[in-house]
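Next come two complexes built around chain A: one with chain B, the other with chain C.
Coming up: the complex of A and B.
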């Protein structure tokens, strides 16, 4: 009867050895390759460091000018430009300027990285059903596994610092851009593709003249989601040593500073809203051709 | 260079993972239904043999599911044949390598689609230059060549519009301009006018005939509409269940339908617009002071001329105005009325 009330577990000693085995193996791997992996990521570290310093060192009026210029270029909306300027002024006045700049740098670099890796991956995925069936479950894992779980191996490999933080953000944030690139390309009208074929488009010409332009609105929705998810990871990244608003939030949690937590949390929200609105407006502008005037 | 004809020989298409294995069985007489029910393969094309004349319009007509769209896609190999040949300039399109096929599609063929298939993110002008862009023609030259055809199909002033901003008829004009700008010898038109309103369709048919008179391309035109087939086709092939059941000129088909299926079709046709006076004229003596009707005129025109002149008979003359026969109003009207036997 015992078997029904008590689960037939693996022996306690065996289980311990099993876990120990995995840990030891990974530790060995870390000792063996940790340094070369760190060297591999060194250019990224340098770039992120340089970018952070650049943004923080830029005088604040100039920075506001640059940011509102970017917002205008992306959205063509004065409302958004003024909203952005107002938000930045408030954030700066409340003493969060530097932290906000650090976070901005992290999000920008993480998004760039996700786009550089994610779009080609999505294109690859759209080319073959087999690739898709391999990559999809990996993306599922990346999105659902608790982020603390993959922080462990990242920490073991790279220790505390900016690069492991960046990697953790990217693991969580990259799936949407990959998925939506794949989806966007697959959703391109078969009739239009056939026309491209009939006129003698090579696979490469088809990709650049038909598939990518028509998938762009979807890809952009993916980029938008990627940015939002990167922002959601700011506090987790702070856990492993990334500067910015996230660290202040952590400090607030540890010391029960309500106001500090709220202020920094809302600053993250403000950045998120600006990013979201600008990228959505930009995405809409990409679809200008689908407006029906008469027909 | 004058356009060349296209020879389709012993072409079979069987859809399914093991199509090739069933070609022999189909050759041996296995029916479409048997192939589908017993072996789960679909017979798309069954032993197609058509000589498409150079510089003329070959119409392929059939109802939906007859395989006509499958057939036209074999000419530029958008669909791989299961067996058979498609010869153009003595080259078998079915045996071309990937790069040869790409060159063939770029330089020798252009296609117009039923659902237009325009690139929605490009303007009218950019759609029209698409083929030239793929060929690597410089933009300035491509624009110049495209402008000419945009004007010709009546879209002058719409160069910077997007396809979504145009009506169906105008979109298909863009499709036609895009195909013509390629200046390819072969023009493939897959139910090109089927999605258009009747009036616009007639309009587009006139545009096509007008352009064809000037260019003399080898046109393959797919349609399900017999009136359209008769109006446009120098030669017509009728397809059913993937096989050609009759081919010939429009007049040949109307006068001698091969079977009941076709005679059902041609019953509704306005014969006065299909049958030429040459068919019914009698080589009798010249009638003095009679109306003259040029050889090749349709019966309807002849009847109109006869009634306008209140004449009972007329002379048929060739291009040098020599009389080659005579017709009477009685024979004309008799030929225009559907014979009871059909």
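Coming up: the complex of A and C.
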């Protein structure tokens, strides 16, 4: 009867050796390759550091002007532009300007990185069912594994700071852009592709002039989701020493500072809403554009 | 006369055992959610259960949660490793009013907070001894984000020690000397940065506290301050506060750990309180046990058994021969 109520476990000593073995292997790996991996990411660190300093050093009126210009370029909506200006003024007035800029820098670089890696990956997935069947489960893992779990190896490899924070953010935020790029290309109408074939388009021409433009609305939905998920990771990134709003939220959690937590949390929400609305509007405009051409 | 004495002793003896047997049914005890707290709680639990016949229920929690619960609700009844510095304003009145009692004011020896360096860093620079010497050499500790500066790893945002480190950073004029204060973000971040530095033999200077497995494991060395302690008043009103306009150079305040019990347990606990008062872990023993726990990834209970086996000479001095024999039999 015992065998049914007690699960046949591996045994305490074996299990411990098993765990220690894994830890030891990883430790040897860090000792061997840690430094080269760190060097590999050094340009990224330089870039992020430079970008952050640039954004923080820019005078605030200029920064508001640039940001509202970007919002206008993306959305063509005066309502959104004024909303953005108002939000930034409130955030600044409440003493969160610098932290908000740090967070903005991290999110922008993280989004760029995710797009640079994510879109080609999505294209690869759309080209072959086998690639798709390999990458999809990996994306599932990246989205569902608790982020604290991969913080440990990232810490051991890269220490604390911006780059490890950036990587932690991207692990969580990259799946939507990959998935939706793949989906967008796969959803392109077969008839349109046949027409392209009939005109003698090379695979490269087909991809860049037919599939990508038609998939853009989907890809943009993916980028939008990636930005949202990156913002959700701001507090987790703060756990490994990334500056910004997340740091203040952590401080609030550790000390039960209700107001501080709320203010910084809402500042993150405000950035998220601006990003979301602008990228959605932009996505919609892309769609209209394509409807006119192909519709 | 002799007869009378014998009878009295016998009566007292009986009364004492009677009291314990009657009261020592169920005890609730705090198990602090860090390694040394876990170990101490489990050692206490094993000794009280096997040696004194109690039935111990462990309540897991952190410093403030456990303290609040003991102070307000009277449960758990015993907290083995209560760190005092952070709670002094709450703990002092509770002790003065007699709601709580400190039965042991130093259950672990050789503990404290401060600034630490890895052993190989210390070995490589025998000429540098105190904090005052080390802070003249930021070039030995290049920051990852700006290698022209020295990285001093402080305390995670929101911890009490954050203000202390920032104020000492200012008091020792470290910014002008070419240092940056790095915020590790969390305990995991701080541990990770020490582990990473040690695995690659990189120099590291920063805040930590002992006894902890990471200090024991990497044999981290506390850096002596080279300056006197500036006194409780300056510490309490300036160094440990966010608003401190003129921080003075000072060594770190002496850390205190108490074993505290509730008033009700003080009255009813009998010889268990004597045990708690006698139970003192020397710093090196605690350090070695913490390394064991980290290396073997052992939970509190396994570590407690290991401790009782390895350090029999130590713990048998805490209890009577009778109790020791019972615990040994149970092992």
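Convention: the second predicted complex is superposed on the first by the 288 of 295 C-alpha atoms of A that agree within 3 Å, B and C clash if a C-alpha of one lies under 4 Å from a C-alpha of the other, contacts with A are read in each partner's own complex, and residues count from 1 in each chain.
As a working rule, contacts are C-beta pairs under 8 Å (C-beta built on N, C-alpha and C of every residue); 3 or more make two chains touch, one makes a residue touch a chain.
Quantities reported herein were computed from a predicted structural model and do not represent experimental measurements.
Asks: Regarding the shared-chain residue A:14, is it in contact with chain B (first), chain C (second), both, or neither?
Replies: It touches nothing on chain B or chain C.
Asks: Is A:205 contacted by the first partner chain B, the second partner chain C, both or neither?
Replies: In the superposition, A:205 touches chain B alone.
Asks: Please work out whether A:214 is in contact with chain B alone, chain C alone, both, or neither, and reply first, second, both or neither.
Replies: It touches chain B, and chain C stays clear.
Asks: Among the partners chain B and chain C, which is in contact with a greater number of residues of chain A?
Replies: Greater contact footprint in residues on chain A: C.
Asks: Mind working out whether A:191 is in touch with chain B, chain C, both or neither, as first, second, both or neither?
Replies: After superposing on A, A:191 lies in contact with chain B but is clear of chain C.
Asks: Which of the two partners, first being chain B and second being chain C, lies in contact with A:32: first, second, both, or neither?
Replies: neither
Asks: Based on the superposed arrangement, let me know which partner A:252 touches: chain B (first), chain C (second), both, or neither?
Replies: Second partner only.
Asks: Along chain B, where are the residues that touch chain A in the complex?
Replies: 76, 78, 102-107, 109-111, 113, 115, 117-122, 130-131, 133-135, 162-167, 178, 182, 188
Asks: Please name which positions on chain A make contact with chain C in the complex.
Replies: 16, 19-20, 27, 30-31, 34-35, 38, 45, 49, 148, 151-152, 155-162, 238-243, 247-248, 250-255
Asks: Which residues of chain C touch chain A in the complex?
Replies: On the chain C side, the touching residues are 144-146, 153, 156-159, 182-186, 188-190, 192-193, 195-197, 199-200, 295-298.
Asks: Please name which positions on chain A make contact with chain B in the complex.
Replies: For this pair, the touching residues of chain A are 189, 191-192, 194-202, 205, 209-210, 213-214, 288-295.
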